[in-house]
Amino acid sequence: MGILEVKNVNKRFGGLQALGDVNLSVAENSCHAIIGPNGAGKSTLLNVLVGKLIPDTGSVMFDGQSVLGRKPFEINQMGISRVFQTPEIFGDLSVLENMMIPIFAKRDGSFRMHAIESSAQEKEIIEKAEAMLEDLNMADKRHFHSASMSRGDKRRLEIGMCLAQNPRLLLLDEPTAGMARADTNNTIDLLKQIKDERDITIAIIEHDMHVVFSLAERITVLAQGTPLVEDTPEKIKGHPKVREAYLGEAA
Amino acid sequence: MFGLDKKDTTLLIIVAALTLAAPFLLNPFPTDSAMAQFNAGYPDLMQRFVIFGIFAIGFNILFGLTGYLSFGHAAFLGVGSYSAVWMFKLLSMNVLPAILLSVVVAGVFALLIGFVSLRRSGIYFSILTLAFAQMSFNLAYSVLTPITNGETGLQLTLDDPRVLGSSSTADGSIPVTNLFGAEMRATYEMVVGPWNFQFNTGYYLSAILMLLSFYLAIRIFRSPFGMMLRAVKSNQTRMNYTGLNSRPYTLAAFVISGMYAGLAGGLMASMDPLAGAERMQWTASGEVVLMTILGGAGTLIGPVLGAGFIKYFENIFSKINEGILHSWFSFMPDGLEDTLIALVYPFIGKGWHLTLGILFMLVVIFLPGGLVEGGQRIGRLFRRKKSGQETDKSTQSTPAE
Amino acid sequence: MDAIILQILNGLDKGSAYALIALGLTLIFGTLGVVNFAHGALFMIGAFCAVTLSKIFNLSYEVIDESQTDFLGNPLKVKTPYVESWFGPELGGAIIDWAVPLAILFSIPIMIAIGFIMERGLIKHFYKRPHADQILVTFGLAIVLQEIIKYFYGANPIPTPAPEALTGSFDFGAFLGFQANAVIYPYWRLVYFAFAAVIIGGVFAFLQFTTFGMVVRAGMADRETVGLLGINIDRRFTIMFGIAAAVAGLAGVMYAPINSPNYHMGMDFLVLSFVVVVVGGMGSLPGAVLAGFLLGILESFASMNEIKSIFPGIDQIIIYLVAIIILLTRPRGLMGRKGVMED
Amino acid sequence: MSKSNLTRRGLLKTSAVAGAGIALPTIFTASSAAAYTNEPTGSSVTLGFNVPQTGPYADEGADELRAYELAVEHLNGGGDGGMMNTFSSKALDGSGIMGKKVEFVTGDTQTKSDAARASAKSMIEKDGAIMITGGSSSGVAIAVQGLCQEAGVIFMAGLTHSNDTTGKDKKANGFRHFFNAYMSGAALAPVLEKLYGSDRKAYHLTADYTWGWTQEESIVASTEALGWETVNTVKTPLAATDFSSYIAPVLNSGADVLVLNHYGGNMVNSLTNAVQFGLREKQVNGKNFEIVVPLYSRLMAKGAGENVKGIHGSTNWHWSLQDDASKAFVKSFGEKYGFPPSQAAHTVYCQTLLYADACQRAGTFNPCGVAEALEGFEFDGLGNGKTLYRAEDHQCFKDVLVVRGKENPTSEFDLLEVVEVTPAAQVTYEPDHPMFAGGNLGTCNPGA
């Protein structure tokens, strides 16, 4: 029994079968990649997992509880954090403030105000945020205006913001898309480090095989909305069906 | 001090000093000089400055922090005024219960409207708030006349059934608003040489409440709550995927700013016990939007500056008439005098709207951050000069080493 | 029944004005992403184009008539328009009479020029600025335009009648086979409706069938992508602004005989047309037109006595009430696209 | 042109402490030394002219302002003296008021009660105005009247037609020269009967706010007294610009008279729309369909153009009147500005003279003294014939004009012709008439 169980999920958009009978099980503390050609339904699947889309049929269970029908913020509170294809950070805020918000959210739940208390007095929160930035090697950038940072730094910050909440499942949506090689490698290193140091389950949707094969322990190949195969990276590499459907096309 | 950091404390102290010394500062010209026209230090206008300051500070808590642009905030001000006048009519001429009631009623009203309107964002939210406010205005002007006295506005009369206090004074006039006996309209005049300064009880009450509101706004800006509101403005998606529901935050901000508007409305009624329906019209809502943007949305002091700027124009420029122009330029040769007057005339008196429109455009074109940015630029200019001198010194000292 | 037909006609007529203004607003939103609070002022300027042309035609020379006196008891100066003395009273009179329709030709170059100047001189610099700044600057511009008109024409409304031949009413009752005179409707209002339909149709056809229109539609769908194609979209957008200004202006020209123009008529329509645009859905041209007619008709029905007696004051709030209901049930208006103006 | 020096009060105080340079505090409360608010102690007196300078009534405001400037000129002995020469009271002699030169300040009411009060307050608090006058709507008049009562200055109302101004909202410090809705009804009714008979069915369209309601009530009452039937009364929103959906139901309602209880832009549009829908040419119940606009304003009627022709209404005064006073006023106004004055200009000119005269006769600027001099004052020679300022409600009682849109105007000003001058007696009512009941004049307040 995995921490995330997707059973018989179907989703149609008009005439298009976006997801057809998807079954997926992600084991706890593993790194599971979902790959597939463009239009294979990866993003649809991800949106189902985070509550943005509701499937026509099927169930999605996280740690024994259904995620269907819950709002994104409720799903996050269950312990699922999401990293977006384009980094979603609080661009108007400083790096440190970006890091404080998830820590506040974790401590206070959805709504507690402290409307009068100054955020500068929240010693404990600041310490935690600074420690996290230290871990990310971003401590020197704490007062940067976050929107003006490089894409790699934004990604790093976003991942850090997710980690600051100690999620049980981290969902990554093409985390290195549009990044320079050096930034990509940095991100891979960061994710490896996270995988090694924390008890965390990672589900990653990716296009870049280099990233997938450096990180994943198991890989599901999605084609036309349906899982084709699921196996270890080594086996996937040599799988004829995969070569045909995906890698062949890529070559 | 007061739980603020040094910079904010300085700002608060400066604002407090300026506000309390306003009767002096706004009357810089001797009363019989030609420039006296530009004096703004009389009770009614000073009251308006601080009351609209409160309104704009509150509006900025919503718009400046969360980015939600409400086009219906005047409705809360109007509701506040009506509540206060009804309090005067039914309960007592003491302004305290009236102001309290107006804040509470405006808060409740804001809660209802905000709960519905905040289901949408962006311009859809703006139009929803506009629609609610226009409905309130249209109904207050016509169908709800028994409550609002429609076109004329809700006024006190000689036969109000006041529970605490009398319907009319001994000499047959309507009692005046007061705070435990201190009449709001009481004015102490101080004549120093050619100057005449007016100190009005109502102004000081409003000023103190404005300072409290300003202080509260600083606290909110600097609080975790304020940070959450800025996060809402910055990125709602990330907000949701960080386990935060943005609705309670935006609703809280909406209600707080609605209560600020209610406070402003209650104070307006306390200074002058009349509540007119046009206080709720979209133009009035638009005015506070303009004040905030003009001063600098999202800054602490900007809205207050914007409010002062617009009210100054409305009250001072509209009163300059041709006769005054003649008295200003009378020292010139006749031909030149007439030409100058012909040139200036379209911009003053009945043309004050034109001047205001041009100024809106100039400010927003050249000072994208509003008046506050203008101030910052001037500040930077001075600082650059200073730091320039310092660099000079250091370059001079280098060769000596 | 005839009462309902009449109100539908009234609704279509009001809707025509709403739809034309909303159409122009949406063109500007959709192509340029600019909130144009000066759009009502453009409508007003259009109406004043009609006023101006009729004033030009009425430019007169004065002849002193000793037999009559003016209000001070001096001999009366009788005015004769130059147009009449040049072309004779017959033709001259007809020219004056047809001033409003002629103003259509007069207004198009003026409105397009105003549109170009506005876009190049002002709006261009505000594409990347926040919507709040756009609102402030265009609102300032609206006040300035309004005050300029007020300076020259005064604050009172100025009568600008339709041509004599079009002032009567059309008997719909007889036409539809009801009792005669049961449903009569003024010719000019029918003309206005037909005119609006032609303009709306023209704009749609232009966007649908010309290359220019195709590029603009692509630009409305995704500004960045079209930019990448290397098409000079900015110049096309300038032209689009000119067209939007012309549509607003024409709506104003033809509106002049319905209600005498005054300098603040633009502001009266501004708020309403924003509501129309949003109800239709931001960035949707068909939505704007649909919402314009829908709200026009609903407003007309709400002013019927039968309905007012059930809901007192309903005609005061109907537009806003409908806007609230539609926005709450359809998050992006009737035909809005996702992601337009939601930040 | 008056070169007004605004802040006399400061000047005088200054001279009192000249050279000393020390503070001399005075507290403005009931116990203060001054006898009344803004007591003029120098060589001049300041009046506050509070008129709409922006917004839809700006043109009326501008005309009022012209008349005020003319009045001030005449009071100070300039010009040809205008109606001062024809005024029955000869107290004024062209040397200002009680020897003090008249100066003035102006403000913008924006036709909003809030803005009007703000601007009136500014004139009282900052400029030391002893009297406030002007305005172009009843809402503003009532709001400013209330303020003047509280502040302790006299308010001389400008254009305000609602019964409430001297009815339920009357104030001891407020005075109205203009006529009111009741008088419109009383004056119009006999003329309407003569023209259209006593068997008529009327349909009312009424602006949905206080003034509209009082006018509707008045006209309904006076026409029903003739035997007319009221088919329907429909309220129209103030913000309405297109009245087509209100006019359309009139067509088949069985009514044969349409009464438009609208003013300003509303009136222009509703009348234009009514004519567009062919109501003028319609035959109902075998009679010609008629339209009545109970309150006419020439400035506004101009906006409706051809549509006013042959339409009846009432007005306070019209420049074509041939009495000496009217002729004198038209002459001095027309020579100064090049066009004839409007009724708004006339009423505010009269108000200014009446105030000045009352001060002169009372020998004081004290509002209580002035009010006493105005109460029950009978005069003539201001263009409306014999007039009484009634003590009970501070309303002027004078002849009312019934006018009609002129068929063949000779100039752009020649829009209306006087059909009948209804004598004052016919429009007079008891102070406790139900339409005016519920108010209380209170006592005069000298402030200070």
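The letters A, B, C and D name the chains in turn, as written, and every chain counts its residues from 1.
By definition in this document, a residue touches a chain if its C-beta (ideal position, glycine included) is under 8 Å from a C-beta of that chain, and two chains touch if they have at least 3 such contacts.
To keep track of the chains, here are their UniProt names: A = Lipopolysaccharide export system ATP-binding protein LptB; B = Leucine/isoleucine/valine transporter permease subunit; D = Receptor family ligand binding region.
All values reported here derive from a predicted model rather than from experimental measurement.
Participant: If we look at subunit B and subunit D, which chains touch each of them?
Facilitator: Touching subunit B as well as subunit D, we find C.
Participant: Mind checking the centre-to-centre distance between subunit A and subunit C? Centres are C-alpha means, answer in whole Å.
Facilitator: Measuring from centre to centre gives 51 Å for this pair.
Participant: Suppose each chain is reduced to the average of its Cα coordinates; what separation in Å results between subunit C and subunit D?
Facilitator: Each chain's C-alpha centroid was found; their separation is 35 Å.
Participant: Whole-Å distance, subunit A centre to subunit B centre, using C-alpha means?
Facilitator: Roughly 46 Å separates the two chain centres.
Participant: For subunit D, write out the residues touching at least two other chains, lowest number first.
Facilitator: 58, 208, 235, 237, 239
Participant: Would you pick out the residues of subunit A that each touch at least 2 other chains?
Facilitator: Within subunit A, no residue touches at least two other chains.
Participant: Residue numbers in subunit B touching 2 or more other chains?
Facilitator: 138, 141-143, 353
Participant: Of all possible chain pairs, which ones touch?
Facilitator: Here the touching chain pairs work out to A-B, B-C, B-D, C-D.
Participant: Flag every residue of subunit B that touches subunit C in the complex, lowest number first.
Facilitator: Against subunit C, the touching part of subunit B is residues 63, 67, 69, 116, 119-124, 127-128, 130-132, 134-135, 138-139, 141-143, 282, 286, 289-290, 293-294, 297, 346, 351, 353-354, 356-361, 363-365, 368.
Participant: Mind pulling up the subunit C residues that touch subunit B in the complex?
Facilitator: Subunit C residues touching subunit B: 35, 122, 125, 129, 131-133, 135-137, 139-144, 146-148, 151, 271, 274-275, 278-279, 282, 312-313, 316-317, 319-321, 323-324, 327-328, 331-333, 341-343.
Participant: Report the residues of subunit C in contact with subunit D in the complex, numbered from low to high.
Facilitator: The touching residues are 2-3, 6-7, 9-11, 13-14, 17, 68, 70-72, 76, 150, 154-161, 167-169, 181-182, 184-186, 188-189, 258-260, 262, 264-265, 268-269, 299-300, 303-305, 308, 313, 315-316.
Participant: Using the touch rule from the top, collect the residues of subunit B that touch subunit D in their complex.
Facilitator: Going through subunit B, the ones touching subunit D are 30-32, 36-37, 39, 42-45, 48, 138, 141-143, 145, 149-153, 155-159, 168, 171-174, 176, 183, 185-196, 198, 272, 274, 276, 278-279, 314-315, 318-319, 321-324, 326-327, 330, 349-350, 352-353.
Participant: Taking the complex as given, what residues does subunit A use to touch subunit B?
Facilitator: Against subunit B, the touching part of subunit A is residues 50, 71-74, 76-77, 81-82, 84, 88-93, 97, 100-102, 104-106, 109-111, 113-122, 125, 158, 161, 165.
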